[in-house]
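First chain A sits with chain B, and in the next complex the same chain sits with chain C.
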Partner chain A sequence: MSSWRQFKAILKKDIVMELRTKEMLTSMGLYALLVLVVYYITLSQAGADFEVRRIAAGLLWLVFIFTSLLGLNRSLVHEKDQGCLEALLISPTDRPVIFFGKAVGNLIFLLIVEALIVPLFFFIFLARPGAQAGGPVWMLALALILGSIGIAGVGTLLATMSVNTKGKDFILAVLFIPIMFPLLLAVVAGSAAVLQADPEYVRTFWQMMGLAAGYDVIMLLAAFGLYEFVLGA
Partner chain B sequence: MTDAALTSNALEVRDLSRTFGARKALDGVDFDLPTGAFLSIFGPNGAGKSTLLKVLSTLTPPSKGSAKVLGLDVVEGAVELRERIGFISHNPLLYPDLSAEENLEFFAEIYCIDRPKERIRELLDAVELDHRRLDLVRTFSRGMLQRLSIARALLHDPALIYLDEPYSGLDPHAMDILDGLIERVREGRTFVMVSHDLSKGLELCSHALILSKGRIVLFQDKDLIDEDEFHQTYRSTVGLGVS
Partner chain C sequence: MKQLRTAIVLVAIGGLLTTAAFLMAFFTAEVQQFGTVTLEQEVDTVFPVAPDQFQPPAGEGIAYVRPWFSQKIFYFHVPVAEASFLVLIISAVFAIRFLTSKRAEFDTKSRIAMETALVFVVLTMITGVLWTRASWGVWWEWEPRLTTYFIMMLMMIAYFVLRNSIEEEERRATYAAVFAVVAAINAPISFMITRVIPSNHPVVFQPGMASSNLLPFIIGQIGMLMIGYGIYTARMTEERLRERVEIAKEALEG
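Then we have the complex of A and B:
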């Protein structure tokens, strides 16, 4: 059996279904937009002297963490609803192939939402006349990609664990945020370094990206090894 | 020559137990089923029928004992075994937002089938759904879903097919179509069916098994079954109910 062929089939199926229903992208996109509206109302009370750039990285990642929780839950519910997960489990597909197929799908959807929300966030909160210039865009993009890989990988594992439980939304959130803490710390600090572009920001950025990449590798390997157990439980 | 062809038994179940916490879903189940047979499994709710099917289809490992399906151990040979079994459930196991053809294309890729387009066309024709191949599965009736589900289960030409209450929720016409389909693909294959419908189960089977509280109450060749006695045994078993 070709694992690559099976991986492509799972990924293609998730993309085709999402393009058809737009369930995940619509809910994630709308939710992210609503959070931006709440930010706007809140920050409008902070006064003209308030430097949004100082907290911008935290605000941005807050949107993506909560938005991804919505999407991650949906991605497994599709499989569970019609018993399709059972059909996959009874097929000769290695469990890690199922994991990577689902995780890469979740990563793509999260990156699409980020690609829409980040420019909007800059336009609303950071693009002001005379505003301080940040670091290069590619550095922020790298932080977003490394953060999203961790979110999609760990999130797919935890969503699979919680999909059979009664309070799956609650359980996913309760497990997800503490486990994501080291990654969040790294990507928020790395993104903040780029956005503020203080002296020495490049060194801080690479230190944080190293931490994020290390987290991603360790957690993806752990998820790879644990997925069979999680599916069998 | 496959292992199944070499062994005369499609199923060899030895002292099989499966526990969930303190509850014993299966308790010392032990039987052999010859290759090419049709086994109907009966029993009240909670008797362990679905758990037995899950263990035999590699979805759940046994807690104790062993089971060989087509000569392969359900734990050690699980990956190889999954290439050779099909599963038809009362749940269609199909993606509602994909068309009939897309669903079969997906599973054809999952089973790495050569020349999938030809196989899919052949199966859609066999289950009389060729005219609806581009329609989303969510628009299908229960009977059509079940026919497509059969096409999905037959894609990789399995040697053994599990049927988990396949007639559940079907109208008489859809039941007739399903009967015809099973009859058409029956030759050379082994079937294991879980059913609550005694007459349908007995009509199709070559062997019958009654489970209660995870234990075998009766396992018999159909030719040796006295139907009155069988019904009486079943009624007394259902009377035992779930613990």
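Then we have the complex of A and C:
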């Protein structure tokens, strides 16, 4: 089988399993909704003239970082509990293909959750009468995609490690959040620039997207190179 | 036991050198005019507000004269910090050698190097926080260098958390090595960031430094690296002894 067909097979497996059980999307979506409720509790104390828009980018990424922790853990726990990862290793599949198959699967689920949560977040917290307008939507989408690529790539590597440890979820959070820090900083700054649309926000935005893209490339290369060792252990 | 003796000698010489650097910092090093530090608001320090020509435009904070003795920490803080970066990179190099060779000794070396690096990181943090209080009037500020360095410390702690949560030896070694490599990517970022993003953290070490400043710095740096290598050697000796005890135990039981 060519690498491309192997990749499609792994991706298809994840999607078919998700369509049958609907476990990951429901748990991630529900969790994200619950976080929004907690946000409401927090922001309800801030008063009516508090500008949620100024901190909206940080709040938004906070949902996604925690939701992705949940999703990444689920995604790899399945592989391990049902012995699927071992079967994949026995089959003549190239190791890098396994990495990309899993990472792209995680990326797709994360993007679906983001596509649900971002409009909801906008209508609940930002769409107030007389609210200032933000930048174009495609810019926010670009920030979300660049951030999600990094999350899915590094997350898949770290989650494959953490499912084999004693404290699965906890270990994933401890490893994942510090490693993600530079990327998060860049995408939060980029998204904030778009949401607030201050003068000259376009320059800040592209600077931050450049940083995020650079980080994505470095980390994906590292994760791609190291995944084989993780699977072999 | 020869190695342990080497370790003790190294730590002793390193201690002497760093003490010498510390004393030289006070008695021979010339005080340089590093300029001012701009803080967002008025803070509670004994340091004078800078003259008018150094003040930023109204509403952008207040410039303070940097106190003369805040330079003195440079001869301790910077050698410790640079040693921490270096030892972290060495740990990652051992991690890569472990991944390519699968020999357990490289895993031990990588782990011990990481421990040594963590000691230096904690020392950097302590001296750094003291310096921040003296120079900026706050104990902590979320500025690029401090933030990336703090994150680096969290990663190194996470490395040991990861190790402790895996039972199988080979798997533990491999995962730890993979994480060490990923974590080490942050070291150059943290090192370079004050040269890329403008921040309050001074970049003191640059061309054209007076020799009376450079000399104690280099002595301190050499001393610090010797202490680091001494700690590393001592811990390696302990590890080897522990392995021998384990083998002896197994032989007795078997």
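Please note the rule applied: the second predicted complex is superposed on the first by the 232 of 233 C-alpha atoms of A that agree within 3 Å, B and C clash if a C-alpha of one lies under 4 Å from a C-alpha of the other, contacts with A are read in each partner's own complex, and residues count from 1 in each chain.
Here, contacts are C-beta pairs under 8 Å (C-beta built on N, C-alpha and C of every residue); 3 or more make two chains touch, one makes a residue touch a chain.
Computed from a prediction, not measured in an experiment: that's the story for all the values here.
*Asks:* Clash or fit: how do chain B and chain C relate after the overlay on chain A?
*Replies:* fit
*Asks:* Between chain B and chain C, whom does A:L157 touch in the aligned arrangement: first, second, both, or neither?
*Replies:* The second partner, chain C, only.
*Asks:* Once the two structures are overlaid on A, work out the angle chain B-chain A-chain C from the Cα centres, in steps of 10 degrees.
*Replies:* 90
*Asks:* With both complexes superposed on chain A, which partner does A:V77 reach: first (chain B), second (chain C), both or neither?
*Replies:* Neither partner.
*Asks:* Report for A:K13: first if it touches chain B alone, second if chain C alone, otherwise both or neither.
*Replies:* It touches chain B, and chain C stays clear.
*Asks:* What is the contact status of A:G232 with respect to chain B (first) and chain C (second): first, second, both, or neither?
*Replies:* After superposition on chain A, A:G232 lies in contact with both partners, chain B and chain C.
*Asks:* According to the stated criteria, A:A87 is in contact with first (chain B), second (chain C), both, or neither; which is it?
*Replies:* First partner only.
*Asks:* Between chain B (first) and chain C (second), which, if any, makes contact with A:P182: first, second, both or neither?
*Replies:* A:P182 sits against chain C, while chain B stays out of touch.
*Asks:* Between chain B (first) and chain C (second), which, if any, makes contact with A:S2: first, second, both or neither?
*Replies:* first
*Asks:* Given the touch rule stated above, what does A:V38 touch, chain B (first), chain C (second), both, or neither?
*Replies:* Neither partner.
*Asks:* Using only CA atoms and the superposition described at the top, report the least gap between chain B and chain C in Å.
*Replies:* In this superposition, no C-alpha atom of chain B lies closer than 5 Å to one of chain C.
*Asks:* Find the residues of chain A that appear in the contact set with chain B and again in the contact set with chain C.
*Replies:* Residues 232, which sit in both footprints.
*Asks:* Spell out the part of chain A that touches chain C in their complex, as residue ranges.
*Replies:* So the residues of chain A in touch with chain C come to 154, 157-158, 161, 164-167, 171, 174-175, 178-179, 181-182, 218-219, 222-223, 226, 229-230, 232-233.
*Asks:* Spell out the part of chain B that touches chain A in their complex, as residue ranges.
*Replies:* Chain B residues touching chain A: 57-61, 79-80, 82-83, 85, 87, 89, 91-98, 102, 106-107, 109-112, 152.
*Asks:* Taking the complex as given, what residues does chain A use to touch chain B?
*Replies:* Per the touch definition, chain A meets chain B at residues 1-2, 5-6, 8-10, 12-13, 16-17, 20-21, 78, 82-84, 86-94, 232.
*Asks:* If you look only at chain C, which of its residues touch chain A in the complex?
*Replies:* Contacts found on chain C: 99, 148, 151-152, 154-155, 158, 161-162, 165-167, 170-171, 174-175, 177-179, 181-183, 185-186, 189.
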